[in-house]
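So that you can tell them apart, the chains are marked A, B, C, D and E in the order they are listed, and the count of residues begins at 1 in each.
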Amino acid sequence: MILNYSQPLEVTNLTSWLDSTLRGSLSEFWVLLIEFVIVGALLLAAYAVIALILIYAERKITAFFQARFGPNRVGKWGLLQSVADMIKILLKEIVKINRSDRFLFFAAPFFMIVASMLTFGAIPFGKALHAIDFNIGVLYVTAVSSLGIIGVLLAGWSSNNKYSMIGAMRSGAQFVSYELSAGFALMTIVVLAGTMQFSTMIEGQRYCWNIFNGHISSMIAFVIYLISGHAETNRGPFDLPEAESELTAGYHTEYSGLQFGFYYLAEYLNMFIIASIATTVFLGGYLPIQVKGWVDFNGIMDYIPSYVWFFGKTAVLIFLSLWVRWSFPRLRIDQLLNLEWKYLLPINLVNIVLMVILVLTGLTLTDLLPGIF
Amino acid sequence: MSSLSLFLTVFLTGIILVVAGLGIAILLAPQSFNLQKGEPYECGIPTHGTSWMQFKAGYYLYAILYLMFDVEAIFLFPWATIVRSLGVQGLYSIMFFIVILGLGLAYAWKKGVLKWS
Amino acid sequence: MRIDQRNKKTFDIYNIMENIKKLILNTVPTAVIEEKQKLTVTVTFDKLHLLAKTLKENAALPFDFLVKLIGVDRGEELGVNYLLCSSTDLSKELVLKTGTTDRENPLLYSITDLFETAQYNEREVFALLGIRFINNPDMRKFFLNADWVGYPLRKDYDANPELNPLSLESVDMIDIAPRITENEKGELVEDTVNIFGEDDYIINIGPQHPSTHGVMHFRTALDGEIVKKIDVHSGYIHRGIEKLSESLTYPQILHFTDRLDYLSANINRHGLCMAVEKAAEIEVPERAQYIRTIMDELNRIDSHLLAWACQTNDLGATTAFIYGMREREIILDIFEKTCGGRLIINQNVVGGVMFDIYNEFQKDVKSFIIYMRDKLKEYDRFFSHNVIALGRMVTIGVLSKEDAINYAVTGPAGRGSGWSCDIRKHIPYALYDKVDFKEIIRTEGDSYARYLNRLDEIEESLHIIEQLIDNVPEGDICAKVKPIIRLPEGEYYSRVEACRGEFGVFIESRGDKFPYRLKFRSPSMALVSAMPLICQNEKVSDFIGIGGSMDYVIPDIDR
Amino acid sequence: MELKNVNIKGIPTAEFNDNEYLENYIKELEANGVNVVLSKIDELINWGRSNSVWPLIYATSCCGIEFMATAAAHHDIARFGMEVTRNSPRQADLMIVAGTMVHKMAPLIKRVYDQMAEPKYVVAMGACAISGGPFINSYHVVPGVDQIIPVDVYIPGCPPRPESLFYGLMQLQRKIKVEQFLGNKQR
Amino acid sequence: MRSIAKYFSGLFIGISSLLKGMSVTWRELWTKKVTQQYPENRDTLVISDRFRCELVMPHDENNEHACTACGICQMNCPNGTIVVTSQMIETEDGKKKKILDTHQWDLGMCTFCNLCVITCPSDAIKFENTYENAVFTRSKLVQKINHEGSKLREKKKEVKPVEAKPVVEAKPVVEKKAVEEVKPEEPKAE
């Protein structure tokens, strides 16, 4: 409780106050219902706002990488650019495609959005800003995020368009590959942390983030996770299903208006999700930088709200992802599979064993230097 | 608040987002009709046949390998959570498992399965 | 010493050409040999194939490079001129002429089995003049739709728009090609071939596609990700420049050349100006030659930069694309200040150049050279050794030297296959015999060789400009030219090294101020004709990447 | 709504060409009686639409290269929020016809235009697209793309320099801004 | 063993090449941007004087131009962009004289090849670099470039031309005198 007062900007205060007031006047059922609605509304808002910010940020950062300015005519520094885009895309005609598989064509965006939303809900944005906290959190995230690929596959298949079809087939190849690496990389950290629940995992990193705790092994896992996560989002050098210069627009060639908008949205959200899972698992999530024994320093760090820490770390990873994306040419399908099966997967397998050895022989930093970490 | 009901909340939120968005779009967006609009886009040329033809996916062997490893991953996750408490015993028992799979991958590699054809 | 050598060389050429004459007369005793601007041999149509074959297989000096194939309506006769030259020495040229007087159903023998590059050229001649070629495996019209009425390049073509009304209706593509073959008994058989198999997975790449570099249409049969067969369709920007030119004066025609291959606008224009100047015997002032050469090389850098940018973009690296375009903008600025145009610069005119260089030209160009050298190093770090890029270029789309000659692939692509085919070295024009530069040749023949060739050629061009920029002499920028240029009767050829390879101009004049027949040899046509060969069994992504490395410009092909 | 309220950053309304066209357009709308509330919402929607015009480049020749220069760093079409070039007509708002249209191409451009999702606009870039340009007398050239599809803005030049293209695109933004969106299902 | 060494060296060379590429983009991130912001920089934007965007007929303060309505520009135009209409009037001293009625020029068709300007015997027309020409209606592009009520400048004024040559350093390629001589026999080129 004392901690809470020292952090006036945390939302924990707000939620506990809200909960107690509601419980004071309403029955259990209504309290839950209202709280669920609030959770849903907040998620929805966060989802949309984050996507808009990301779209703006990507366009701006891309521009800076490419020696230009990017959007700067709508609002100050072009800040409202993605709002304009949203209005436009919301009011664009949705074209009905002949000879497509109507049901799947319609359902594919649902998969895309729902999958990213479910993963999004499991992300701990800050203290008490955490909707779903399963005890099998890591496994859940791996499972649910892979649903998004089904959206891509279905979209490509149902459009009855050859570009889309090739795009879908490529996304299949990509899916069977990078799903594994991402899972194994997370598993390496599960070995280290000994839990799959995000909240426990974060608490365990209070003085030593996992990426430092497991040093070599963690670093390797971190890089592999970033690569394969990047690949899973169909972005950057891994945008084969979309492949603008080859397949015109890839799997979403036939999607127009908001249906396309959902793909556009989900692409950015997935990028955010990958970055935030990496933050949570490797970089201590929403925890501030803390050093054992430095009470004053820790106190100051605590003053910065937890969600600021979380978004800060995530932003760094997103920047990294953009940097990679705008530096490299696209991989070819066999290069993509080679990278996974000849490099990432074998390294990953060795890495897990290495991590187990580190953990069992007490070579992790927390075991080696318990006084400092 | 149980996890399951929260899960459902999030799930419904996703559905609502899509449904509401599409609803607004369908209600407000202008529409036009012409004969060519619904045809597949293929660089402006009428497409040849249907695209649902037999399609050679060159990566089916990868898919089989993927199945193998994905099943392994399911076994490994529970093990990974309690590896500390299992101790060296746990490492030995699962090493056997990993090594066999690793050998499988090495064999496939050697056989040239990991070469796109 | 030097003079002696030159004399010896001319003597050798004389000797060799005498031998060739003997060879021709031995093979076809009825051949008529004329000494015009080029050695011209006229034969009847049934002897042409034999003669071409003999010339190609002549071991001492094989005439194995079909530069261009020109269909001409000679009035009574519909004829074809073949400009052949030797791949070992491009300055040894020979024109074969043949024709048929049957205007209703003109038939000639195809030489596609000897020169692969002839296939598309013969189809073009069929579309524009109506001559069908026996033994050509695919006798569809190349530029025009199959139902086009009339043959535009014939002098009696009826241009009434009602015959060929504008149709907006999409029609399905028909993949059946008619052909005429001669069987063993010497009978002509007309039949059709199916281009694709029954259940091929056919996908259209182009015309409205981000990376076909314009409106090329590749009808591609896929086997999964692998390209099985490509069928090239063209004519989506066929503007009939050659027909239009027949009713325009020479200065007026000049503005078309800029719009052929708009990326080597200045060089194309240089080519046509040279042809006219040669025919009208106009001496170009020294200063104009300097300006022309410098502008040509700037144009080459501009084009290669764009080619580099587009190739990287085709491989998926958008940032590299933007960098390339950024450097290009400086050249465009120089163009703009000199000629008042960015892309279409209208600089060369018959007799010299239209605009003199501006005061700060030298300063601007020199600072650009320094800047560009620095950027070339950056490109090298950024893209040339990138492991992904290497995987997508090395050993991809290999074009052997024999194929390069057979398909007449010139320019950086031909030189990437180990074929020395730089016109600037073989038949120097303007100031290229006075400057020192290397012909960049690589033997690998893959996408990467073509890629590196372009970057190296930028460096060579910078080197050429460096030698010229400080020595631009004072004087006129344009010779005195009669306001109405009439070329004496005859056939005139000129060849220049454009950014994509050899650009050729053929003018047949009948003493009028309009050309009787004007034909451009487009380097891009040869590049595209080689695409089905080198893309076979490559993946779709590589097909796009190879297209980027070949760097064709479609309006150049379609004309 | 009045024309003087249609602002484009950087250029005063009075300095634009062809203001009469927009004035006539507004007059026509007012004659139909426009709801005040709806027109306010319309203004917001049109603000969004005009600032997020995603082009499909129907580039056939030289003008396409000039568009590429426009998209590159020195001119940067991204400043207008238009760098999101869509290669699929389903997702594009604007078709920039850059280059000559010939008979063989005419059915294709019509088809691609037909497949675009509403609301859609067409810009004719360069002399060839406007009128056939240098090749107007040719047997195979369509004299102007407006013979095939309706054109909203004509940008003359051969090819137009990037600033000219920007100017044309701003003209299009102005046109979008005065349009009535709600209650106008068929364009 | 060699294949294993190759495997690892390949891995490291690959990674280092990727990092090198990223270092280039990183440096570009901080370099000065080359973008010029067009509508905002309208006042400072310099377009080369020689840039050809619009054909104009310079008129002096008395609303006089130098066009003699000879029609050479129309003849030289490759695609018929220029249409010169003239009328015959009688001057005070009773001579018949051809004067310019309209000089119509189609901006939407012009290819800016500069032939009209360099062949004009009286320097009556020139290209200007005004690039803001986009319109909504096609017919607006067909312009009459001589002003309303303008007339031909008197000969004696021509000794000192009011207007400078369109392009300062550019020299006319075709001798103007020669053009005038051959003028009568020139048929219309189409």
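We adopt the following convention: contacts are C-beta pairs under 8 Å (C-beta built on N, C-alpha and C of every residue); 3 or more make two chains touch, one makes a residue touch a chain.
Please read all numbers here as calculations on a predicted model, not as lab measurements.
**Student:** Suppose you hop from chain C to any chain it touches, then on again the same way; how many hops at least until you reach chain E?
**Tutor:** 1
**Student:** Enter the minimum step count from chain A to chain D; a value of 1 means the two chains touch.
**Tutor:** Shortest path length, in steps: 1.
**Student:** Tell me the chain pair with the top count of C-beta pairs in contact.
**Tutor:** Looking across every pairing, the one with the most contacts is A-B.
**Student:** What's the farthest chain from chain B if centres are computed as the mean of the Cα atoms?
**Tutor:** E
**Student:** Quick one: chain A and chain C, Cα centre-to-centre, how many Å?
**Tutor:** 51
**Student:** Find the geometric centre of each of chain B and chain D from their Cα atoms only, then give the gap between the two centres in Å, rounded to an integer.
**Tutor:** Using C-alpha averages as centres, the distance is 41 Å.
**Student:** Please tell me the distance, in whole Å, between the geometric centres of chain A and chain B computed from their C-alpha atoms.
**Tutor:** 16
**Student:** Return the distance between the CA-based centres of chain C and chain D, expressed in whole Å.
**Tutor:** 35
**Student:** Which residues of chain A are in contact with two or more other chains?
**Tutor:** Chain A, residues with two or more chain partners: 65-69, 72, 91-95, 162-163, 169, 244, 248, 253-254, 257, 326-328, 333-334, 342.
**Student:** Identify all positions of chain D at which a residue touches two or more other chains, and write them in rising order.
**Tutor:** Within chain D, residues 9, 72-74, 76, 79, 87-88, 90, 108-112, 115, 118-119, 134-135, 137, 158, 161, 181 contact more than one other chain.
**Student:** Quick check on chain B: which residues sit in contact with 2+ other chains?
**Tutor:** Only 28-32, 36-37, 39, 41-47, 55, 57-58 qualify.
**Student:** Spell out all pairs of chains that touch, sorted by label.
**Tutor:** Once each pair is checked, the touching ones are A-B, A-C, A-D, A-E, B-C, B-D, C-D, C-E, D-E.
**Student:** Mind listing the chain A positions that touch chain E in their complex?
**Tutor:** Those residues of chain A that touch chain E are 64-69, 72, 323-324, 326-328, 342-343.
**Student:** Chain C touches which residues of chain D in the complex?
**Tutor:** Counting only chain D, the residues touching chain C are 57-62, 64-66, 68-69, 71-74, 85, 87, 99-100, 102-112, 134-135, 137-142, 147-148, 158-159, 161.
**Student:** Considering only the defined contacts, which chain C positions touch chain D in the complex?
**Tutor:** 143-145, 152, 157, 159, 161, 164, 166-171, 207-210, 214-215, 235-241, 243-244, 247, 255-256, 259, 262-263, 306, 321-323, 325-326, 328-329, 332, 342-344, 554-555
**Student:** Which of the residues in chain B come into contact with chain A in the complex?
**Tutor:** Contact set of chain B toward chain A: 1, 3, 5-7, 9-18, 21-22, 24-26, 28-32, 37-43, 47, 50-52, 55, 57-59, 62-63, 65-66, 69-70, 73, 76-77, 80-85, 87-88, 90-91, 94-95, 98, 101-102, 105, 109, 114-116.
**Student:** Any idea which chain C residues touch chain E in the complex?
**Tutor:** Touch residues, chain C against chain E: 247-249, 251-255, 319, 323, 326, 329, 333, 336-341, 344, 346, 349, 351-352, 354-359, 378, 381-383, 385-388, 390, 476-478, 480-484.
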